[in-house]
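Take a look at the following structure, please.
In this document, chain identifiers A, B and C correspond to the written order of the chains, with residue numbering beginning at 1 in each.
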Amino acid sequence: MFQVRIHGRGGQGVVSGAALLSVAGFLEGRYAQAFPSFGSERMGAPVMAFCRLDDKEIRLREPVLEPDALIIQDATLLHQVDLFTGLRPEGYILLNSTRGFDELGLSELRHNFHRSRLCTVPATEIAMKHVGRAVPNVPLLGGFAAISGQVRLESVVAAVREKFPHAIAEKNVAAATEAFEIVSKLRETADA
Amino acid sequence: MLKQTEGSHAVAEAIALCRPQVICAYPITPQTHIVEGVGERVKDGTLTHCEFINVESEFAALSVAIGASAAGARTYTATSSQGLLFMAEAVYNAAGLGLPIVMTIGNRAIGAPINIWNDHSDSMSMRDAGWIQLFAETNQEALDLHIQAFRLAEELSCPVMVCMDGFILTHAYDRVDIPTQAQVDAYLPPFEPRQILDPAEPVTIGAMVGPEAFTEVRYLAHHKQLRALPLIPQLSAEFQAQFGRASGGLIRTYRTEDAETIVVALGSVNGTVQEVVDEMRDEGVAIGSVSICAFRPFPLAALRDALARAKRVVVLEKCLAVGLGGIVSDGVRKSLSGIELKGYTVIAGLGGRAITRKSLKQLFEDAGTDELEQVTFLDLNADVVAHELEREQLARRSGPTAAAILRRIGTVGSRIA
Amino acid sequence: MANPLQEVKFYQTGTFTVGNRLLGENERSVQANMTRTNSLNSGHRACQGCGEALGARYAIDAAMRAAGNQVIAVNATGCLEVFSTPYPETSWHIPSIHSLFGNAAAVASGVAAALRMKGREHVRVVAQGGDGGTTDIGFGCLSGMFERNDDVLYLCYDNEACMNTGVQRSSATPPAARTATTMAVGREPGNVFGTGKNLPLIAMAHGIPYVATASVANLHDLEYKVTRAMGIHGARYVHIHVPCPLGWGSASEDTIKVARMAVESGLFPLFEAMDGEIAGRTKIRRQVPVAEYLKLQKRFAHLFGTEPDTKRLAMIQATADRNIAKFGLLD
């Protein structure tokens, strides 16, 4: 079982991001479970969502306490919320930011985890460019596909096309694809 | 057809397949997505011959359902928590009148303090109203139980509550198999009422009954629930034959055959319990679990069969009988009448607190060595409790309890679990 | 030059005298007809002189005639429900359901929806409740039914208190009236001035197709208004004034007389409204001072006696005068 925890703020599509990821997993014939952890509807409040992927039925219902991957949609949460708690040593971190880990004051993190599994990607900017809305969830899924290999980009694209009407879907597909390419390149250079 | 979708939407699809004629509901977290899902289908024409009524309160919702059902329409509504309490008078009324209404409860805690997250206090508050109460373990089962519920309700002329954990199931995306219309039609025939308001054959429904007959009427209601005990497994078996999967029934056992410790629980937490059972079995512990699906009528005989040979039973409850301890425990104890074994009540998950594998494993280990108290509150923060009690001792004007506790535990938004 | 011919005014002296016998067949009341449906049949347990039993009988049979005998009644808990269904008997010859005290309007909405879904819209729904079940505990459901414009005719039998439970005050209880919870003691004996609500006006504010007030003092008018309402689809409301000899402390043979005085004093205006606007009213033929009306009822006895409460009597008269002006009840 592969467990993902997504952090963000209300209005950034954290919950729908987890849902889309679960659909991507489903389209590959896997079992997937996605659920939110939030309070009453309120923009801007810290929000978490979880996604589990497995090849057999998922019975577990607790929150993801030991994620295999973290997707952080809002860097302002970094020094406010204990985002990294429980992250497995081989874990992946995908962070939405134009800056690198060192610039964000997270150098220590790079020491504790595999370099190639930590990545920042300017997801909000990518979303603005293609979709015109500052909702980074879909590009981050493209980046997640690249960094973890848990789902294929095609599956993310298919999930996006299922959810959105045609015109908006294609814009999101473009955003996911660009993020995928950026993260793939970063991985190559990190592994080198 | 297999689909990856939100639990609420799966239930909405199931409801639509049951050919409801009147749907009326008032919004309350976390049931909102179910009702919105059905409402949309009515408005855009996918669900035909169905009227969707936007009522002004939960009391109105169930009242409208009472009228519609009495006039011969297959009727559905949904609520949670405070909403269920707001319609409490109508809940008893519907059962007393024998109207086969099906209602989803998106299980949520009851305030004060106000809390929107999951526990079973809402359904438990209405456990003696005369409704049949079924608890779903997964979103697939939630979908399936609604189909079985209409059949059950209409055969018995008794309203049925289908309970599913709020957020944990309602808002979770899961893989579900949505049946076809033909499959549902084959299982669920058109509604044939036992009583109906019709000028062609006038009847008075809801007359006053005095001391001379009230006991008999109530006895018959009790008898009706007892008749549900064999009917529920029968309909579950028919469901399996028609749809190809097991769901519903009175209880489900998991690795209990040679278990010394058996855990009993309702709803989605059973999934996590089964994971822990597997882990402990791998370590050589003789442990198993039982999921109660039908809470009303309470499956005394079935539970007795499942639990009789164990050394100890741990009842994991998402509800609390204030001043007493467990609610489900009472029923379990009754089922074990005359049998000598140790019973533990664990109150867990209140107001949406996560029930973790780690905590459960420790709990079951403690139970295994009989180091558990009679009644335990899982993961209770003893520090916070002690501090609050001390604070209240110091001054009469100690202020609202909830505010004081929240102040002490600090910002919640930054916590994971 | 003055008109040499004196205008002759005819007064109704009661259905027992002139009423039906001098009217043509088609002008007679439904109740006068031997083939009336008797939807609320005799044998019920209402008090002698009960205004509600009288009003309900006229209203429902009129509804039945208008609907080709296809009516389902939804009754709130209250006097009507309790005296008409003493276990194991029922006076109702039509299908009826009693659910709770406060939900008649919602249950009726549900019945109407079911009939629509079953393709049986020709079967009409009438909800009935006393003032207690309508203006107070049933208010939310009533407003919801109005707001959705559900196809229900709601009949409120207003005897100005919760009578079935022992004469307790409701928001329809008039100022100064004695009830068990507004006793005639203290500085302001009886119900307090400045409280209460006017359901017909509130109904009009919802903009529903038809609102009317009626009284057992004018049974033809009551039948006419119910008949008119039945010819309309959507939410309709008829508020019927029904004296309660027991609760009001009036003589059981005075029910119609007391009801007439309420109308003729201006305290209970008779009018119709369509889509929220007044569309007609019944003028007062011979204005009666409120004191004459109040004197007939023991619930107002504390206003009279050796030291009459002239202040409060004047306030009640002022209410009547305001109604007369507002609704144009006098020429």
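Here is the rule we go by: a contact is a pair of C-beta atoms (placed from the backbone, for glycine too) under 8 Å apart; a residue touches a chain by one contact, two chains touch by 3 or more.
Remember, predicted model here, so these are calculated numbers, not experimental data.
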- What topology does the chain contact graph adopt: line, ring, star, complete, or other? line
- Note on the structure: Comparing each chain's Cα average against the average over all protein Cα atoms, the nearest is chain B
- Task: Please compute the C-alpha centroid of subunit B, do the same for subunit C, then give the distance between them in whole Å.
- Result: 45
- Distance from the mean Cα position of subunit B to that of subunit A, given in whole angstrom: 34
- Note on the structure: So, in whole Å, the Cα centroid of subunit A is separated from that of subunit C by 66
- Note on the structure: Multi-chain touching residues of subunit A, meaning two or more other chains, are none
- Task: Using the touch definition up top, name the residues of subunit C that touch subunit B in the complex.
- Result: 69-72, 74, 81-82, 85-88, 90, 92-100, 102-103, 106-118, 123, 140-141, 143-144, 147-148
- Complex contact set, residues of subunit B against subunit A: 2, 4, 6, 29, 116, 167-168, 171-175, 268-272, 274-275, 354-358, 413-417
- Message: Help me check something: in the complex, which residues belonging to subunit B touch subunit C?
- Response: 21-22, 24, 49-51, 53-57, 59-60, 63-73, 75, 89-90, 93, 97, 197-199, 201-210, 212-213
- Message: Residue numbers of subunit A touching subunit B in their complex, please.
- Response: 5, 15, 18-19, 22-23, 25-27, 31-36, 39-40, 45-46, 48, 58-63, 65, 80-82, 85-86
